[in-house]
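Common to both upcoming complexes is subunit A, partnered first by subunit B, then by subunit C.
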Partner chain A sequence: MSLSGFMGEAYAGKVRGEKRLEEKGGEFLLGFEDLAKRLEERPKRAEVEALAPRNGETILSLVHSASPKGRREGMIWGILTSLAAERLPSPLVIQPQDYAGLELHGGTIILDAKASPPWLNGRGSDGSGKVMGSWKRAHHLGERISGGRLVVRGGAGDYLGHEMRGGGIVAASCGDYAFRNMRGGWGVVRGDAGNYLAVGNSGGKVAVKGRAGARAGWLMRSGRIRVGRDAGEYLGLMMSGGEISLLGKAGARAGWRMRGGLIEAEGYGPEAGDDSVGGRLLCKGYP
Partner chain B sequence: MIALAADYSVKDILEIWETSRSSWHRPQLPRPVISGSMDCDGFPFKNYRIVVDEKILDKGDLYVENFFDHLIVHYIFCPRSLETAGRLAMAALEGLANGNKTQARRMVNLFTDIVVDTFRLERSVDDEEKVLLGWRELAKEELSPLDEAVVGCLAELWGVDLPPSDHPESEELLNIFSWGVKDRSKWPRQVMQMARILAELHPGVLGAGRVPSVEGLHGDADSAPLSGLASDQDPEAYRETLSVLGLDGDLRRWYRDQSYTIVIRPTGEATESRFPSSLAKWRFSDPPSELDVAYSLSLAPRLIPGVTTYKREMESCSMAAYGERVPDLLVVLDSSGSMGGHRRGTKTHAATLAAFKASAFAHGEGAEVAAISFSDRLVLQGWTRDLSAVEDVLVQHLGSRTHIPGREVLDLVVSRPSPLILCITDTHIQNLYNEWDYIQEAAALGRFVLFSIDGGNKNEQVEEALGDLGAVYSINSLDGLLSLVIETAEEAYRSQKAHPSRLDGESFISSERMGSG
Partner chain C sequence: MTDPLWKIDDLANALQELRLHVGPADLQVGGRKVNGQLYISLANSCLRNRAALLYGGMGANKTTLVNLLGSAFTGLSFDEVENLMVTGHPEQTEEKIVGFIDPRQWSCPEDPASDGRRDGIRVLWTPWARSRWKVINEINRFPSGKQNLFLELLAKRKVGYAGETLRLGDTCYFATMNPDFSSTYPLDEALLDRISISVPAVQPDFLAGLALAEREEEVSVLASSLPRFSAEEFDALPRLVADVHLESQVELSIISLLRDFTLCERAPSFDKTQLSGGSKPSRGLCSGCHYFNNPEACCWQIDEGLSDRVRQDLRSYTRALSLLLGLKGEVKIEVLRAVAPYVIWHRVSPSRTMLERPPYYGARRLEYVRDLVEKSINRTLNERGGMNMIFARAVDGDISPGEAMEELSGYDDPIAALDYMRALERMV
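Up next is the complex of A and B:
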C-alpha cells in the first residue's frame, strides 16, 4: 500500500478531502498599527514601501483606517499617503493630517476637511469622534516631495514643503518654516505665510499672494521668492544668491549682511542693506 | 463511583474522554475530574487536572465530547506551551492601550479559542458538527457586545448560521482570521490586532478563565523556564506578561529564565580505553601491523591480501572521571550606580546574568555558594546550598558608590579551602587602598578572578594592582563577560588534573546559546 493510501485509510472520515475555509494570500498585513510595529524608529520610504500592500486601493484603506500616534507613526502614515497617491489613477482626497504627502514622487494629493473615507458615504463623523468638515492646521505637509502635486484646501501649519526637491504645492496659507531648504519645484501660498519662509533655499520658486513674516529668504543661495504684499524684518538676511521680489514694502534691516542675490521691493524699512558685502537692493519705480 | 447530573457516571465521562483522545492521537493528558467531586477536592495537586463543570454534563454526550476536544486542541496546538501563551499575552498587552491584564488575558483566551475551533472545524465534518454545537448553545444566550462581535465574525469566517453582527469590529476581526490560523508565527500579530479592535467592547462570557498551557496543566508553570520571553523583555514588562498568565515574574525569575539557555559544559577528565570489536577485511592500504595473521590463517590456509586477510576493528570508550571535591564559589557583584540597574543591555544585566549562571552551575556541581552585592553598602549571603538565598542577593541593586568589601570577602574565604572568587565590577573602586590587604590575603587563599567591565575606560593603576591578585579580564563588550564567566566556571569545575591539550594553550570555551522553545 502506498503512503498516501495508508494515510487515507488511517484518517478515513477524520479529515476533509478539500479545504473548508478560504485563506487570504499575499503579504500578511493586519492594519496600520501592525505595519508601524514592524518598522524602525526612523522609518525610511523604501522600508515602508517594502512592507506596504502593492495595490493603491488597499493602501488607501490603510490610510483611512489609521490613527497615527506620535511622530514615527505620523511619518509612516505620510509615506503611505504618498504611495497611495502615486498608485491611484485619480487624485487622493483626504483629511489634513501631519506629514501628509511625505516624500511624494508623483500623483496628486488634495487635503480637504470635507473628505471622508469611502465607507462613510459622506456622513459627518467616522464614529471615532473625528468630525468631518472642521479644518485642522496640519504640520510637515509635503515634506521632501520630489514630484507630483499637493493641494491644501485650507491653512497649512509649520514646515510646509520642507526640503522639497521637485513637484508643486498649493496652500491657502502657511505657518513658519515653509519651503525651508528647498532645492527644486514650486510652492504657491494663496494667503499669508508665517516667519522664516524659504530659509536656506538653493533652488525652486515660492510665490506668496499675501504677506510674508520675518526673515523670509534667510541664508538663501539660489531660487526665487515672490511676495504679493509686505514682508517682515530681516528679509533676505545673509542671502548669497537668488531673487526676492516684493509688491509691498520690506521691514527693517532687509538684506542685512547680504553677500549676493537680488531683493526688489516697493520700499524698505530702516537699516536696509547694512553690513552687506554683495548683492543688490532695488526699489521699484527707481532705476 | 460518584452520582452525577443527567445520569452520568464517571465511567461515562471517561469513555467520552477516551473517544476525544483517540480523535487527537491520544495525547498524554490527565483524566478529567468533575467539579465538586471527591476526586476534584481530594487530589493533592491543584493544577494537574481537567475539571468538568456539571452544567456541561446536562448538555449531552456530543457537547461533552466537543468540550474535551476543545481542551485537547488547546493543549496540543494553541497555545500549547507556556512560552507561546506568554508571547500572546505580551502581544495582547501591547495591543491594549490601557495595559489592563484581565483584559489581556481575555484577549489571549478569545484568540486561542477561535484558533482552536477554526482548526477543528477545518479538519472534518464530524468536528464541524461538534464545534458548531458549542457556539450555537452560546448564541442562544444574551450576548455582550464583545461576544456578539466574535460570534458575528465566526458566522462570516466559517460561513455558518450563527447570528450575524452589525458591529464594525466583526468585520475587522474577520480580516485578522481570514489569513488563516495555522501559522504560529502570525499569532502574536493577530492577537495584538485583535486586542486593538476589541479593547473598547464590553466583555461577556467569552474569554474568561485562565490561559491553558501544558505547563499549567502539569503544575510546573511557576518554574517553567521562559527564556525567549525573558530575553525579549525588560523586568517590568516580563512581570506584567506573566501576571496576565496568573504567574509571578520577579527579578529572580527574569534572570533565571534567561540563564537557562546558557550552557556550561565542564570538560571532564575521562580515561579512554580501546578494545577490539568486529572483523573487517585487511587490505594493502591498511597498516601491516593491523593484520591479524592468526585469525586469518584459521579461516583459510593461504593469505591472499584483500581476500583471506582480516583485521580487528578497534573501538574506544570513555570512562567517567572519578569524583573529587569541587571548589565552593563566592560571587562578589558590584551593584553601584555606575553599573546601570536591572534593564536589558546594562552592565548590571550582563553581570547579574553571568553571576546567576555561574551560581546555578556551581550549585549543580555540588558546591556551596556565597554572594556579596556591594556599592558603598553591601548585602551578604554566607556559604549555603540554598540557591534562592544567593539569587536574592544577586538581584540587589544598591546604587551609589563603589566600595569593595575586602574584610567580608576575606571572612568568607578563610572558612573554605581554595574557593573560586568571581568578582564582577566596573573597577571604579574608590576604597581599594583601604581594603587592599584583605583582598590580597583572600586572593592568596582562593582562586581570585576579576571581571572588569568598562575595559575601554579603565583605571590603569587599579587594574595593575588587581592584576597581581590573580586573573583579570578587561571586558569591552558585555557579551564577552558572559563567555568569560562561563569559561572560568568550566575551568574551575572540571577535573583538577590538568588536561594535556590545555597545557598547549588550547581554548576550552564551549559555551553556546540554545534556541528558545
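Up next is the complex of A and C:
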C-alpha cells in the first residue's frame, strides 16, 4: 500500500485543513515577566507576536497584570497593547504608560487615566496604593504605528507618534519631538505642542490647535503642518519641502537656511528667511 | 475444543466470584471498565515471550493471581505452579534457578550405545527452566548482577549453563516486584526495557475487603474449581491474537507516539536514546529549546527515548486486549490509549518539575504518562492529518520533495521538523 493510502485510511478522509496549533499559537506563558525573559535584548514585534497568546482577551489580561520596568519591558508591553487592540472587537481603554500602541497596525487604543482593569469594577484604586484617575504624562506613545487610531485623553509626553507611517493619533497636548520622522498618517494635538514638532518629516499631516515650540518642521522634506496659534523660533529650519501654515506669528529666524517648501504665517519675527536658497515665506497679515 | 475466549471470560468471572481476585475496575477501554491488573495479566497469558511486571505493595494479590492464572492455563494444580516459581533473594543462585550439572554422568558407567563419545556435559534443567509459564517473584530482590540472568533469558529466548543451551520455546513470563521491601536492588534499565508491560497492583479497598471476607476456604482449594485450559487451547491463544487486525489509525498512532517520546533536536541524530550522563532533559538539556515548556510536546518531559521493543509491545498488547474484550473496528484506538501507559511508564523517568507542577502528579507516574500518551495520540489523530498527507504525497511522488518541504515548514511539530524534513532532504 502506498503511504498516501495508509494515511488516507488512518484519517478516513477527516484531515483537518487548518492547523490548530498555529491558530492557537502562542507559547505557554506564566505571565508578563516570563514573556519578557524569553525575548531578546531588542524585542521585535514579530517575536512578541509569536510568543503572545492569540486571544485578545488573554493579551489584555497580560497587559493589565504587567508592571514593565525599563525601556525593554516597556517596549514589549507597548507591542502587547497593540496586539490586544488589533484583536479585540471594541476599543482598548487603558491607563497611559510609556510605549503604549507601539507598532500598532489596526484597531483603536484609548489612553484614559480613568480606565481601570476589569477586575476592579470601576473602583478607583486597586488597594496597592496606585490611585487611578491621576494623569501621568507618558512618553513614546504611538511610536512607529502604521494603522489604527490612538486617542490620548490627556497630555502626551515626548516622542508622540515617532516614526509613524499610517493611522491617526489624537492627543490633548504633547511634549518634545512629537511626530518626528513621520512618513504618513495624521496627528492632531488639541492643545500646545512642545519643541521640535515634526522634525525630519517626509509625509503625513500634523495639526496643532495651540502653540508650537521652537524648531517645528526642522529638516522637513514633505508633508504638512498646521498650527493654530504662534510658533517658536527657527520654524521650518533647513526644510526642503512640505508645507507649514500658522494662524499665529512665527518666532525669530523662521525658514532659516530653507531650501524648498512653503511657510505661511500671520507674521514673522526678525531674520526670517535668512540664508535661504529656495522655498517661500508667505505672510497672510501683509499681503 | 471450546472457544478459548469464552473460557477466559469464565476464568475472569470465576476469579471474581470465588473472591480469588477482587480489584477495582481501573482500566477504561472505550465504554467498558475492567480491572487492569487482571486483564493485563490475562492479555500477557495470551501472548508469548512477553514479560509482565506486577508492581505493588504486599498483599496486593500479585503472586497469587499469577499463580492462579498459571494453574488455569497450564492445567497444573495451584501447588505445583507455586513450586515452579522462582523467588528473588540476594542468595539465590543460577544453579537453583536454571539447572546444575548432572553428577551421575561421572559415577555411572558410560552408556555403551554412545560409543565412547560424550556430547558435552549433561545438565539437569530445573522445572522452572523447562516450563512454559515462568514466574519470577520479587525480581527486585535479585542483586543487579543476577538480574542479568533474566535479561539474557528474555533477550535470547534460551538459557545456557556449563556450555549447554536449553531453548525455552514460547513462554509466558511474569514478574512481581514490591518496591518497599528491604534488600531491594534497582532494576537495570536494559532489563526494564525487556519487560513489556507493567501494571500497578493495589491493596483491596473497603468494598474489596468486605468481598474478601466472604472467602471461606484456602486459595489452593478454591483454585481447583477454576476452569482449566488444555495444552491445545493454551497454544491456540497466540494465534488468535496474531489474527487481530490493527487499523492504519492505530499503527500510525503507535509510530507517532514512539517518535514523540524519542525525537530530540539536541541529541545526536535527533535520537534521545543516545543521550548519556549529564545531557538529559532533566539536567537542563532543553533550556532555551523551541519545544521546551510547550505542554503539547512530549520530548522535554521525559528523559528517555523509547526503543523499538515498545512498538512491538504496543501492537501485541493492543491486539491481545482487543481480543479479550471482543472489541472490533474503530475502538482499537481506545485500546491503545488504555494499554500504552502501562507499556511505557516503567521505562521512562518523567521530569521532576512537571510532576511537581499543577495538577501535581507527584508519585503517580502512571497517570502522568497516561496524560502524555493521550496528548500524543490526540495530536496524531487531529492535528497531524495535514502534515502527514503532505509527507505521504511527497513519498509517493505526487508532489516534489521541495514543494513538500515548503508546505511542511509551516507545521510546528517535532515529527514534521525532525523526521519528515530530513527524509525529504535525502530525497532531493
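Definition applied: the second predicted complex is superposed on the first by the 258 of 287 C-alpha atoms of A that agree within 3 Å, B and C clash if a C-alpha of one lies under 4 Å from a C-alpha of the other, contacts with A are read in each partner's own complex, and residues count from 1 in each chain.
Here is the rule we go by: a contact is a pair of C-beta atoms (placed from the backbone, for glycine too) under 8 Å apart; a residue touches a chain by one contact, two chains touch by 3 or more.
The shown structure was predicted, so the numbers you read here are calculated from the model rather than taken from an experiment.
Trainee: In the overlay, answer first, second, both or neither for which of subunit B and subunit C A:Phe28 touches.
Mentor: After superposing on A, A:Phe28 lies in contact with both subunit B and subunit C.
Trainee: Looking at the overlay, what does A:Arg42 touch: subunit B (first), subunit C (second), both, or neither?
Mentor: The answer is neither, since A:Arg42 touches no partner chain.
Trainee: Touching A:Val15, do we find subunit B (first), subunit C (second), both, or neither?
Mentor: Both partners, subunit B and subunit C.
Trainee: Please identify the positions on subunit A that touch both subunit B and subunit C, taking each partner from its own complex.
Mentor: 14-16, 19-22, 28
Trainee: Over in the complex, which subunit C residues touch subunit A? Could you list them?
Mentor: Within the complex, subunit C contacts subunit A at residues 247-249, 251-252, 293-296, 381-383, 385-386, 388-389, 391-393, 395-396, 398, 410-413.
Trainee: Which bits of subunit A are touching subunit B when the two form their complex?
Mentor: Touching subunit B from subunit A are residues 13-16, 19-24, 28, 30-31, 33-34, 37, 127.
Trainee: Over in the complex, which subunit A residues touch subunit C? Could you list them?
Mentor: 2-4, 6-12, 14-17, 19-22, 27-28
Trainee: Which part of subunit B faces subunit A closely enough to touch in the complex?
Mentor: Interface residues on the subunit B side: 23, 94-95, 118, 121-126, 128, 157-158, 168, 172, 175-176, 178-180, 186, 189-190, 192-193, 196.
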